[in-house]
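Okay, here's the structure, questions in a sec.
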Amino acid sequence: MFQQSTGMFVAETHTEAVTWFFTIEKFIVEGKTQYQEYQIAEVPRFGKTLFLDYNIQTSLLDEHVFHECMSQPAMVLHPNPKKMAVCGGGEGATLREALRHNTVTEAVMIDIDEELIDMAKVHMPEWHQGAFDDPRTTLIFADARKTLEGMKGHGFDVILSDLTNPHEAGPALYLFTKEYYQICADALSDDGIFAMQAGCANANYPELFACNIATLEAMKDVFPYVRGYTGMVTTFMMPWGFVLASKKYDPLALAEEEIARRFAQRGVATRYYTPRYHQAVFTLPDYLLEAVQAHGRVLTDEHPYVWTA
Amino acid sequence: MFQQSTGMFVAETHTEAVTWFFTIEKFIVEGKTQYQEYQIAEVPRFGKTLFLDYNIQTSLLDEHVFHECMSQPAMVLHPNPKKMAVCGGGEGATLREALRHNTVTEAVMIDIDEELIDMAKVHMPEWHQGAFDDPRTTLIFADARKTLEGMKGHGFDVILSDLTNPHEAGPALYLFTKEYYQICADALSDDGIFAMQAGCANANYPELFACNIATLEAMKDVFPYVRGYTGMVTTFMMPWGFVLASKKYDPLALAEEEIARRFAQRGVATRYYTPRYHQAVFTLPDYLLEAVQAHGRVLTDEHPYVWTA
Amino acid sequence: MFQQSTGMFVAETHTEAVTWFFTIEKFIVEGKTQYQEYQIAEVPRFGKTLFLDYNIQTSLLDEHVFHECMSQPAMVLHPNPKKMAVCGGGEGATLREALRHNTVTEAVMIDIDEELIDMAKVHMPEWHQGAFDDPRTTLIFADARKTLEGMKGHGFDVILSDLTNPHEAGPALYLFTKEYYQICADALSDDGIFAMQAGCANANYPELFACNIATLEAMKDVFPYVRGYTGMVTTFMMPWGFVLASKKYDPLALAEEEIARRFAQRGVATRYYTPRYHQAVFTLPDYLLEAVQAHGRVLTDEHPYVWTA
Amino acid sequence: MFQQSTGMFVAETHTEAVTWFFTIEKFIVEGKTQYQEYQIAEVPRFGKTLFLDYNIQTSLLDEHVFHECMSQPAMVLHPNPKKMAVCGGGEGATLREALRHNTVTEAVMIDIDEELIDMAKVHMPEWHQGAFDDPRTTLIFADARKTLEGMKGHGFDVILSDLTNPHEAGPALYLFTKEYYQICADALSDDGIFAMQAGCANANYPELFACNIATLEAMKDVFPYVRGYTGMVTTFMMPWGFVLASKKYDPLALAEEEIARRFAQRGVATRYYTPRYHQAVFTLPDYLLEAVQAHGRVLTDEHPYVWTA
């Protein structure tokens, strides 16, 4: 009945309730950049998997779930996305998803961790699939907030904020605040769309997700349409939360047929965020609506959210 | 950066990919019945939690998610459920949810493990909430399959199959087969509805869920409407799969407003499976549809599904 | 090749290098006193085992190793031990070993944690074996240091200090200092002997042991003979360190035959600390002698040792 | 009070009682030979550490303890060791210890795993310290038993058997049997000495050690002097067992002064097995003597010992 462990494991603590020990068949590469420690490893069933600071980040089992959710709802919502930006997005898969839209002429990716991206270029081709070398791509190694601040009025159609969680000492602490979202708004065009990864969306730790919704909802003058949505990321063992904030278009008003039409027209194929599934993705369970009521507060530079899960 | 464990843990292996170590603040009661070992413990954030054979079963954090999904879609789909049965359902919470419908006059619960239910009566009042003592309840300690076989033609309006997974040596191995589902059909009325817990619904281990859908879909002459659905059970760290098989009514044709009307009329209130959320619950992601194609086979007594996760 | 954990475990961190997960077959009793949390559990091969604050304390596999080492070298070294004291010693096994000497007329045990001893009386009979009920025993629930301070000149022949390690917030922080050892000396007779549990004696964490030797060696005017010794405690997965400090008798001068003679005369039988093994027990490996040189400092109330392993 | 794991770990199960999770700061190299999987990693406090098949093998913290015990008692016992052999001994440290004796003219090392030794040459210089390149060394990649069988009458003065434990499917299953020990005896000179690593010497799993002692003691006509001894290997979290079997010289008759004289004369310096500590090393605790009585049986090719810890 009892069984004991033998082998290699990466352990991640997800709240006080549970620790996950991922079985490692083989470490492919390990290292440390200025900002984080990383491992790429083979995990049974998950396949090639990236860990950052001993937090599971993405695996071949379902990286498309996260990256489609990160990219496609905003991209397809815009009727003609030409200029777009990715903030963060290290492995290049969010960029890859955006570039699928043949309307795109300019894709700017701003990530602070050049060493990590150099590593991803070599060891994670399944993720970027050449996106870094796309002629439409401009790669900037810098702080995304500062860079976007300097691009006020640039008129991006879509900005995707695919950042690591706001750890106390991490580089993303002030990239989950109202001030940052305003900077994004200022760099967007008049019908621009912002989408972000926004934290856990399970019943155990929905606080950051709730706060991001509350913060963007408090900016209704800038973003009249703010919609939380989720994608079930098996690699994370939970649904993940995203928020889409839009100046002009409401994703809830986008019909399945129109999504299908735009995907077809732009040469986009998806596996998780499909036209049929759009409505389900944007329907939050009551526990998340309740979490917004219970825990949602406006995040500011003065009082940012500090991630502890 | 590194941190090490100190304390008490219950470890559960979920496929070769990952082992979960649940932090235990306190063991409330432990023991062993003829069929299984059990622990009730306090887990941080999850609250009171039941483990059976070192598999997490249910916690106060979100037991309502599982038990509403187990009970409410079938109950509300029937226009006037009077006679209903629960197969398995140890803690009494599936029964509790069914009894919320004031239409019910007869609720039969058939569970093989009397010792476990005796324990639950004492230590899990938050789950049963008195359901065992409801005058409409008849509790039978026996094998559910054999018992239902003897109730052919009884005319249940709803049968809910809330059984432990089909472990090789477990009591439920032959309660996930076509023959068992036929026995359930024979005990149902002409417009009867069957619903079952059907296994993991994440991308890692969807095989049992896929097979249950395939098996019931192969019984279209008996159950014209077979619908898979899921509920996000944070305690299980994944969405859980259920299948509803219906002789006359199609849950996809049930409007949000009608669900709300029936709930109001029958005095039912829910927290997760709400009228608004009905459609989302019954919309499966593509990876589950693909799993049915890839892994779905008809389960029979000769070739049952053997659970290994 | 890989194997994963299933079951119940108590985890203990032993330095940054390693965490031990003890397999628990069954928890017998758990609770919390004013001073510590405790579990008594069945561990495979170890048998009944006590954990205090998630540190393994003693198991039936080899509790005799620790308790004989704690008690017998000092007891047998004294030619006629009549009055003796145990400081700490919760489970009663150190007391039990001392009482084996039929010379003893007065055995005082001073332990701060009455609740723990009440629990041990009920649940750990294999350890105390009735020692608490011996007519020669006086049980005092109080701080050992304060109590001994009030017994200056009492003339104990032997004092055994069997205390929990000096955790920062624990009750024993100032019971591993020169001031405390002086209090013990003052309560001893002119040919009295002091012995103590003194910490890990492996190559990984020998610092506390080294400091205790250094501290008592710095009291040569009080204790001319200071001898470190070890016992291999399999339950701790390491040799454990003890120090004997003596006013008149040198254990290294005690011949195997004399030990055997005294044991026979006093009705004492041992399993680990046998006459034949006396010399081996008192022969420290070079790494411990080197640790005394490298890490040994005099512990004082102002600069006590703070345990971190 | 509770703490949870974060980071990388290698887990090793040591009997049903306990699982060790070693904290890994960094993996230096990993791979797989025909015979075993290996990792070299940095472990806090232990330093560079080798794992084979997820069993900790040796670390810089105290590799000298194991390798001195493996080599020095036999080497120093022989009055003039010229020809010697190491069976197994992958990392080259047992060879290194033997070569310290300037009397040696021929050192044959026979190890089946060429890939592992190639790896050790590059990544474990702290262990071999150039021993593989010593002009006196002959390295043979082959099965040690078969090779020695072909060297009958070669007249080795010392043979050191430093093999992996006899796992069921491992290459060393028949290198812990009477037949193998006889082959060693036949390859030794008339005053030759055999020494072997013989398994755990803690109270939890002493069975293999006991059987090796019993087996060699049953060969009194070949080896009149058979002596078990131990070294405290902190890396293994237990004392390790060795057996020395000698045709002419008895290690118990070797005086501390004579060991010191021989070491000085031959240019040998040791850190753990020092002249002063010789007697302690050869004094077994009663639990091991009892284990020989209780568990000791003669190991044969027909009934070998199968390692399970």
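Residue numbering begins at 1 within each chain, and the chains themselves are lettered A, B, C and D in the order written.
Just so it is clear, a residue touches a chain if its C-beta (ideal position, glycine included) is under 8 Å from a C-beta of that chain, and two chains touch if they have at least 3 such contacts.
Quick caveat, the model's predicted, so the values are computed rather than measured.
Any chain bridging chain B and chain D, meaning touching each of them, is among A, C; the list is complete. For B-D, the equivalent interface among the listed pairs C-D, A-D or A-C is A-C, as over half of the contact pairs agree by residue number. Here B-C and A-B are compared, and the pair linked by more C-beta contacts is A-B.
Measuring from the averaged C-alpha position of chain A to that of chain C gives a distance of 56 Å.
The mean-CA centres of chain A and chain B are about 33 angstrom from one another, to the nearest whole unit.
Averaging Cα coordinates per chain places chain B and chain C 53 Å apart. Annotation for chain D: residues touching 2 or more other chains are 1-7, 9, 13, 16, 19, 21, 23, 44, 54.
Those residues of chain A that touch chain C in the complex are listed here as 1-7, 21, 23, 25, 44. Those residues of chain A that touch chain B in the shared complex are 1, 3, 5, 9, 13, 15-23, 37, 43-46, 53-54, 61-62, 65, 202-205, 232, 234, 237-239, 271-272, 274, 276-277, 279-280, 283, 285-287.
Of all the residues in chain B, the ones that touch chain C in their complex are 2, 4-13, 16, 19, 21, 24, 26-27, 30, 39, 54.
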